[in-house]
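As structure tokens, here come the structures.
After this come two complexes, each holding subunit A, first together with subunit B and then together with subunit C.
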Partner chain A sequence: MPCGEYFTDYESRMGLVRWRTQKIALAVGLPIPFIAPFLLGGGTTTLLTQAYIFAIAVLGLNVILGYAGEIVLAQGAFMAIGAYSTSRLLAVGAGLFPALAVGGLISALVAVGFGLPSFRVKGFYIAISTLALQFIAEEWFFVNSQLAFIHGGTTQSLPSNVGLVGSVGTLGTTVDKYLLALVLMLVFAMLSLNLSRTGIGKTFRAIHENDLSASVLGVNVFKNKLLAFAIGGFMIGVAGGLFGFQIGFINAEYFTIGLTLEHYVMLLFGGLGRVWGALLGVGVVTLVQDYLNDGLNFLADLTGTNATALLPVFFGAIIIVVLAVEPKGVLAGLGKIKEYLRTWPFAY
Partner chain B sequence: MVNWVTLIDISLSGLGLGALYALVAMGFSLIYKVTGVLNFAQGQIAMVGAYGVVIFGTATVLPAAIPAWAAVLVTVLLGVVLGLALERVVFRQFIGEPVLSVIIVTLALGSILEGVIFFLYGQNAQAYPEALTFGGQLSLPLGTSIQAAYAVAVAIALVVVAVLMLFFRRTVTGSILRASASDEQAAMVLGVSIERTIALAWTLSIAITAIGGILLATSSGGAAVSIENTGIIIFAAVVLGGLDSIPGAFIGSIVVGVLQELGSYYLVGGTAVYVPFTDIQANFGAGFGEILPLVLLLVVILVKPYGLFGTERIERL
Partner chain C sequence: MSADQGAETRAASLRSGAHVPPEEAAIGCRNVTKTFGSITAVDDVELGIADGEWVSIVGPNGAGKTTLLNILNGFYTPDAGSDVYLNGEEVSGRPEHYRARHGLGRTFQGLELFESEDVLENVMTTRAVAERPNVLSAMLYYGTGRKTEAENMRFVEEILDYLELWEYRHTTVSTLPLGVQRRVDLARSLALEPDVLLLDEAMSGLTFDEKYDMIRFLTDLHEEEGLTLVMIEHDLEVVTAVSERMIVMQKGGVIARGPPEAVTDDPEVARVYTGVE
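The block that comes next holds the complex of A and B.
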């Protein structure tokens, strides 16, 4: 990568693949995840599948929180809505894609509904109202057997062999699920990347920076906030549906405020408002979580205590340290190092 | 036909529950008013208070138990120390940071505290030491009655609230707190040390919240994880009362407490009321009592976001 600014027009400046190094990296790097499941063991493949699915959810969160700057704390509830809708549609044989799409749409609808207060209030009021949504979903709605006619039961098993549309293109093996999650993750990552480069994304960012200024400049703040809620909610809902399909079993206990916090750790660790940050955060946090879980399980067996309960303690500590040291996330920290090396030995 | 004695009974215990919530809610408002931090960890702090008495007052974790009154005292002291430590180590780093960072930090803090309690006790309820459990019923006029444990907790809660109000109105430290809450810069010009005021606010807030947790546990005979939910329910109270109003937090808590108790009795299970002119029971399923305040919260945010006594924020470019 040469030193200095070498772009002569806007298109090449905004391009996703700008340098020869990046072209080579893309050509070499892209096939790796597609070959990986055939080389890795089943356990690692499942772990990676889960990471891809969480990546979709975190990318959805990134649209709402990173781009539009609205603090939503109902990640678990949105995923639950997606998962239960998907489960019900799979049960009647609709096929995976229609089920995921409807799950995402319902999730988006609920997200927009809870975004409505943003018409009058901003910032933490949305955090409070979505936290209320999370609580209602987690403590009452999805555990209430009387409402089974809506959500279909607190615990549900999903069919393991499902067609993509109807009964066409059946998939069910671990590798199938891995590839499906990978492709969908890449699609949504491209979608978010393009969203952030185009007018909509810039509008979102303007609202994030200062919504009053944005509205003075003629941006319809309310409409755009709702749009962000809809896009993000859809992605989170789809991720919820995929999550349910991947483990083949859903329970209201999976979709708690703890899940919300986990996704916040991923997003903030990588870097808020950046697609690569979200992906990096998901990857690192998933791996760390896996190792920590193993370690704590070992410790629990060894000492006979409830050591697995300490996992949230580590996450909480990580998030506080990251926010105190580098609030823009690891990616911004790496960028600083890169900038330093690029101009070394000169200061600028 | 409504049974009036039952209705008064339920409303009374609702008022009492509200008084207990008021401590946690006032802890929240105090810290929001003085430092602008929205503390999402109130529920977990209250839970730490509740379990603190179990930790010190029973021999479940420590090798020996200390007397119950000493355990309560030590727990409140722990709250004071926790407040000082959190202000010093955590929240001082985040002065001037965006709202998002601060909210996430409090959420992370909540998950840390929760993790520690779960590590020590799992998700099981723990009974309080003998001296802090009160059996029996207390008869009141008109044939109504209230559980003794509940009455004791509520009485103490009301005393604490009264002392707090007096503290804010009558002492110099109290007026310093109020002064820095209403205008930080003006208070600084008048010679108030903001640093010390903020430390004091945190200490006071977390100590009150811990006392709230202890009393919530006392009223139900022991510490339970459900105390954590208080952290979310009090949002309904403080938003209704107006986020930056301490008396508003008190009044909001009372409303929320009554609503929760009425909801749990009249909208859940076999005691649910019938929808007028039909024979359908308005049974919303277990736990709806706690949901009802949140429904109120959503309505308040939509209709009157600054609450009853809150100051409306005016924005300038």
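The block that comes next holds the complex of A and C.
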């Protein structure tokens, strides 16, 4: 910590941006992503937009898994619910914000519904319950044409130009979508940070750490688990809606168990329960995955094989390496290095 | 009255025991029985602990002390017909988190701390249960969300100062010595501002100095804050030194209760403890 800075009240001490260096970094760093799309090519802008959207979904997963410790394996299903709901509302001209909000709420309701067994069971059983949801969504609900009156069809095209509310404030270009995803990602990251530093996040973590102890100390464990499901489910649903809007087309095969695992890799890579860890994980995994994909495509062209099918190996390798080297994620590892450098050469 | 009759009357008084009616007690129970299959862990116990009293529950291992504590704080559901009272309210059907929010604190024999968190976070977490903003103001960190957190932090810092935990505030609890961990456990339960504190072997495994410190803190809390203390403890020297009343359990039932000096003189209690007839 820099010498000479101190706090005279608790509110300042609990601030997110406390030190002078942090304030300078924020002032310098924050405008960069807003300028970026005007300097980068369309392909990179689209990739970053997708990274921001996935960041929202991973932040939602972080609330349920990282904070409250509930293993949910229905990330793809929650995103699908958000995407299809958003698509239906955009089709009737509701506008993007109402559509995203309703998509998020429906996803939150379904998440709460599948969180209800947590009244009796935890851990493995909740994982299985949500895995069932994933397969119901992936293998039956969204591919069932007889249920098109509910979801609107397995494949749907979304309007390319939509208003933010109704027809007001039309968005449609790649840059518009980029900026919208960036702003929403920053908002959800801020909300997650606030959740983490206030009583709600602390009670979630108490449940994660020791639910027996938490309940004896006054935490209504069941109610708080459902609250975590609702908050996380909402964020993942909104991310699903944004994802559909960004690519302009949705298909049930986008929202598979593979997507769920991809988001797990991102969260585990950065660090469970850490907002900055989730963002770091999404950023690194998305970019490396993109470069790797290019490399595998090149290899496929060169050898005439389907080398891109090897991509999932990359996720498996990341999980193994991170869990073996630093189970708390890369951010925790970076924290250790920072602490070592801060106290060097008198670390003892 | 002959000497034998006097002894019998005294013994009978210790068995039935003068105590506050459970309905009027800070914490109490009536007809409490708990069976696990064919084993009766607590057998028809009646208890009434007055507001501001310091009572110790003693007895050999397996006597039912911790089970009774778990029933009082709602962690175990007793058999049908059992009644538990907290500050005059019948709380038999209420879950443990309700009782905790209505003035019942508890420490654990096995500690049950949030092990990967530091001392400050452990106590802040419990404080968050007592004083917590609504979801919206918390997520926006605005209004009550911001104010409540700052007030909670101030309150927790006072507890840490009081229990001399200041130097450990940013230390992960799992790395602390047992004596300090027991103080963290106490700090955590105090963050709820309880009226009644149940202490489950809070001095177990402590060194002489650590026990001395713990007794000092508890005595201060009892005398200065008027905290009602119910303590399970094996160390009879500690029990007789600090308690105003003592309850002896054996095989799930209460076999004696009363002032420590009277209870420790009781031949039945001596027999239970020493095994000598």
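FYI, the second predicted complex is superposed on the first by the 336 of 348 C-alpha atoms of A that agree within 3 Å, B and C clash if a C-alpha of one lies under 4 Å from a C-alpha of the other, contacts with A are read in each partner's own complex, and residues count from 1 in each chain.
The criterion applied here is as follows: a residue touches a chain if its C-beta (ideal position, glycine included) is under 8 Å from a C-beta of that chain, and two chains touch if they have at least 3 such contacts.
All of these numbers come straight from a predicted model, not from anything done at the bench.
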So, after the overlay on subunit A, do subunit B and subunit C clash or fit? They fit
Which of subunit B and subunit C A:Gly304 touches, first, second, both or neither: neither
*Counting only touches as set out at the top, which of subunit B and subunit C does A:Ala324 meet: first, second, both, neither?*
first
- Just subunit B (first), just subunit C (second), both, or neither: which does A:Glu139 touch? first
Requested in this report: May I ask you to decide whether A:Leu131 touches subunit B, subunit C, both, or neither, giving the answer as first, second, both or neither?
Outcome: first
Message = Going by the contact rule set out at the top, does A:Leu147 touch subunit B (first), subunit C (second), both, or neither?
response = first
- Query: Does subunit B (first) or subunit C (second) touch A:Val219, or do both, or does neither?
  - Reply: second
With subunit A at the apex, the angle to the CA centres of subunit B and subunit C, rounded to a multiple of 10 degrees, reads 80
**Message:** On the A-aligned overlay, A:Ile231 touches which partner chain: subunit B = first, subunit C = second, or both, or neither?
**Reply:** second
Between subunit B and subunit C, the one with more contact residues on subunit A is chain B
So, does A:Val313 touch the first partner subunit B, the second partner subunit C, both, or neither? first
Shortest distance over all C-alpha pairs of subunit B and subunit C after overlay on A, integer Å, is 6
Residues on subunit A touched by both subunit B and subunit C 210, 212-213, 216
Residue set of subunit C touching subunit A in the complex reads 73-75, 95-97, 100-101, 106, 108, 112-117, 121, 124-133, 135, 138-141, 145-154, 188-189, 192
Subunit A residues touching subunit C in their complex are 9-11, 13-14, 191, 194-195, 197-203, 205-206, 209-210, 212-221, 227, 231
The residues of subunit A that touch subunit B in their complex are 65, 69, 71, 73, 116-117, 120-121, 123-125, 127-129, 131-132, 135-136, 139-140, 143-147, 210, 212-213, 216, 258, 261, 264-265, 268, 272, 305-307, 309-313, 315-317, 319-320, 323-324, 327
Listed in rising order, subunit B residues that touch subunit A in their complex are 38, 40, 90, 93-94, 97-101, 103-105, 107-112, 114-116, 118-120, 122, 229, 232, 235-236, 239, 283-288, 290-291, 294, 297-298, 301-302, 305, 315, 317
